[in-house]
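Shared chain: subunit A. Partners: subunit B in the first complex, subunit C in the second.
Then we have the complex of A and B:
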């Protein structure tokens, strides 16, 4: 092949590769504009204030109500519950793996945690119905255990692998000199972990928590199956709740195209999108801060 | 006395949290395997559902998931690998590159149900694909793209610069160096990433809810422009929407077990490729 031809092919290829980068940007822009477009269409029919402050979500009633508050509070409730369980467990496990576990134990535990990450969300939701639900029902004397607590425990299980992996990386990244200095002034292993290693790894651990929160908020199938999906305003952990993701999953299949209800589902999806975007950005900020801090 | 006990309590706290995490995993595996195994038989994986899903097998759900995963791979792998090649081999550190990277990171965090809405608006409605295997496969392809790019780029980054320089020094153009030298040596790493990404896609339910999955299709072959059955959706329907939930529970357990086996087999394949590759080095 002539050199000129080869160089032409080479130049064309570069543009083809660059075009795939543009595709990636276009997908994110496409998702953003799809959500915005439909949300604007929704706000032309329903006042934004009614949407944000409304305490009732009842699109199919005689007088349709599109208040996002019950869904948003449900999502926050389940996510908070999940984090209350997953953060201590996750950090504890990460600390055990990074500071105490020997190499052989680590070689068993790490694949086990990776396996947990690989279990599909629908399988976890199924176990929420058949194992955890009856368990909670037995403890609380309720008819079934499909409530916010059930969803929170399942989401904790699902976000644990993320939290453990990222937090362990953060702990491993702390230079050995920090710990040696701490041992040198007479601190025990535990005191070093609590007062030196974990504070030094705090940005990385915060990033781990943020990624876990992002995963929990956006999760659909587990909460759809395990939380009972009552559309009323959430009353607490032992009551049925219905998150933003579950509402979209339940109602999108049945709503007619381009009705107010259809647009409303895109509007709550836009809220979900913004919330996860902000949380992931905070997480990323801490990851970068951590990286700068330790490369300096 | 207290002094001796303190380290035990401290150590015990960490051990307890690790133990709890392992306990979750054991419960998940034990419950699904022990209760799913009795339903598992050749007939279960090779026949159509019968009598309103209360009897028979899950063949269409298995073939549906396999075909869906194949389409996902055909969409996400070429785009993902090309984009990773661009980022790692061509891109300099400028605003365009940073924009692509920011887009990838944000796409990774987008909830899967929003991909479902996007697939519905773009493929089902705007492009008139209808609720079909193709529309659902494309949607899952988009969802998998950011993971595909990240894992491929990691594999490319492990190839030393000297390998590329050697190819360029004997007169190869950059494309030839990438095609004949860089990609072949990064292939095991890329394959690992592709398989792991697909194992995640195979278990996804939310993105296919409105883009083409159906509860019952009486035909295992599957056509690109028609609705299809999938294992995760089948499990969801059997465990929440069926009119005789208690009666079909064994079938639900069987479906869950088959789904987990599919996902773990893909993970094992990735694990094996990575292991074999790391031994060669």
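Then we have the complex of A and C:
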């Protein structure tokens, strides 16, 4: 009797876990299907070429325009700017933590950096409005500092924990024997870091960068708050821009259901999805390559 | 330990020596009052059971312990007339004059050529001279014939024995005065081991060699002098034949006969 009960519990547990797994997969498939369905609906109305090459995004004007270029360029501008700041800073910090910092300092710094990842994006966006914005406005003699540079700096801060953590793991994973060999021929710490440790950790560092890009490109709230969201074609770092994510967040709330505009927002979301997917896949590829290299 | 016979090891040709050397990792004393001298153009073997401090002693000679926090060193180490830890010699200069070959072959994840070129670049040897030096070092290490056609191949694809000979080539390319070897054959098969031993014997004419080994036969085959260590102290030191055939100390006798290890 007892045995039968135990076997029943075992069987039920198996079904419960199988069901939860299926539910998660079904939700993901549903999201993907909905994204694709609405994207296709958009392309039945607007030619893909016009969408990709159009330089105007103006869905509510007299003659609606659905050109993704200004949004895509905005997203790229902000992300590239963020990476220009975060990559050197992140790799530098990772190198410091892994090679120079003492044990005690490292034990304080690492959790602090990881805590940075837990700051809500809306709080960082707020900092952009009240601290960074006025600062940039003062420096550039503009009316306000809500522009691509502001967003790039905030995104850099947000992607730093990812870049630092992954890059530090990569540097830490380099066998001590490589470093000993380098010191053994008379190399300094700096020479060893630049010529042996970092090249050996390159796949892991590249993965760190890719994951950082992935983090920055999909971020919504911060850029929505900090970049000004002008719909015009972006003119540079000191001008207001409007990223793909911000556009969706702004317009989705007031767009009439199942109009071309509604479908258009799904289409730009699909583009964002595609870009993020590719970047994450590149990142994963390098992470795996780096793992293989180290288990060998 | 007082009263050790080191008379045979301190003549005028002393190249490298330690006087009253003590070393602690944290609060644990690992080397106790070490007095030892290594002669020019001789091979000296450091033997003793695991954990006796042989590798630790070896690594004090090219200041590898500088990288370890919590290490405290007292006493003197001299390379000819210079005190390695004081005389204004920088650690990089010390390591250039005293090369090292490690227990596990550790070529850089670079090409065979770059593995040797790296040390030359680090030490600012003119680019025009490097090619010749690299070829020479590979010939000196008896690996040239095996790799001359594939110098751009990753060094990690060589066999274990070839990798270790490449590491020796990397060390000799810098023309050090002393080469320290930390159980260089412990990960190799007998054939590779005999090749390396042959190589070490040939290097003797140009270099002073100190080798840590667990292999009694190896010590007898290649070493001119042997130093026996136990629990951080030097128990006995002298010509290899004496140590193995007429040990003065009971511990030495027991160890070389394989009673403990």
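Just so it is clear, the second predicted complex is superposed on the first by the 294 of 296 C-alpha atoms of A that agree within 3 Å, B and C clash if a C-alpha of one lies under 4 Å from a C-alpha of the other, contacts with A are read in each partner's own complex, and residues count from 1 in each chain.
Following the convention adopted for this analysis, a contact is a pair of C-beta atoms (placed from the backbone, for glycine too) under 8 Å apart; a residue touches a chain by one contact, two chains touch by 3 or more.
Computed from a prediction, not measured in an experiment: that's the story for all the values here.
K.L.:
Of the two partner chains, subunit B (first) and subunit C (second), which one does A:195 touch, if any: first, second, both, or neither?
P.N.:
Only subunit C; A:195 stays clear of subunit B.
K.L.:
With both complexes superposed on chain A, which partner does A:282 reach: first (subunit B), second (subunit C), both or neither?
P.N.:
Neither partner.
K.L.:
Applying the document's definition of touch, where does A:255 land relative to subunit B and subunit C: first, second, both, or neither?
P.N.:
A:255: touches no partner chain.
K.L.:
Return first, second, both or neither, reflecting whether A:41 touches subunit B, subunit C, both chains, or no partner chain.
P.N.:
After superposing on A, A:41 lies clear of both subunit B and subunit C.
K.L.:
What is the contact status of A:103 with respect to subunit B (first) and subunit C (second): first, second, both, or neither?
P.N.:
The answer is second: A:103 touches subunit C but not subunit B.
K.L.:
Should A:181 be classified as contacting the first partner (subunit B), the second (subunit C), both, or neither?
P.N.:
second
K.L.:
I'd like to know which partner A:137 touches here: subunit B for first, subunit C for second, both or neither.
P.N.:
A:137: touches no partner chain.
K.L.:
Which residues of subunit A are in contact with subunit B in one complex and with subunit C in the other?
P.N.:
188
K.L.:
Enumerate the contact residues on subunit A facing subunit B in the complex.
P.N.:
Counting only subunit A, the residues touching subunit B are 6-7, 9-10, 13-14, 16-18, 20-21, 23-25, 27-28, 30-31, 34-35, 38, 88-93, 95-97, 99-101, 109, 111-116, 118-127, 129-131, 157, 160, 164, 188-190, 214, 217-221, 224-225, 245, 248-249, 252-253, 257, 265-266, 269, 272-273, 276-277, 279-280, 284.
K.L.:
In their complex, what parts of subunit A are in touch with subunit C?
P.N.:
Touch list, subunit A to subunit C: 102-103, 175, 177-188, 191, 195-196, 199-200.
K.L.:
Give every residue of subunit C touching subunit A within the complex, in rising order.
P.N.:
62, 64, 67, 69, 92-93, 95-96, 99-100, 102, 104, 106-110, 118-119, 122-123, 167, 170-171, 174
K.L.:
Given the complex with subunit A, which residues does subunit B contribute to the contact?
P.N.:
6-7, 10-11, 13-18, 20-22, 24-25, 27-28, 31-32, 79, 82-83, 85-87, 89-91, 96-97, 99-100, 103-118, 120-122, 125, 142, 145-146, 149, 173-176, 199-200, 202-206, 209-210, 232-233, 235-236, 239-240, 249, 252-253, 256, 259-260, 263-264, 267, 271
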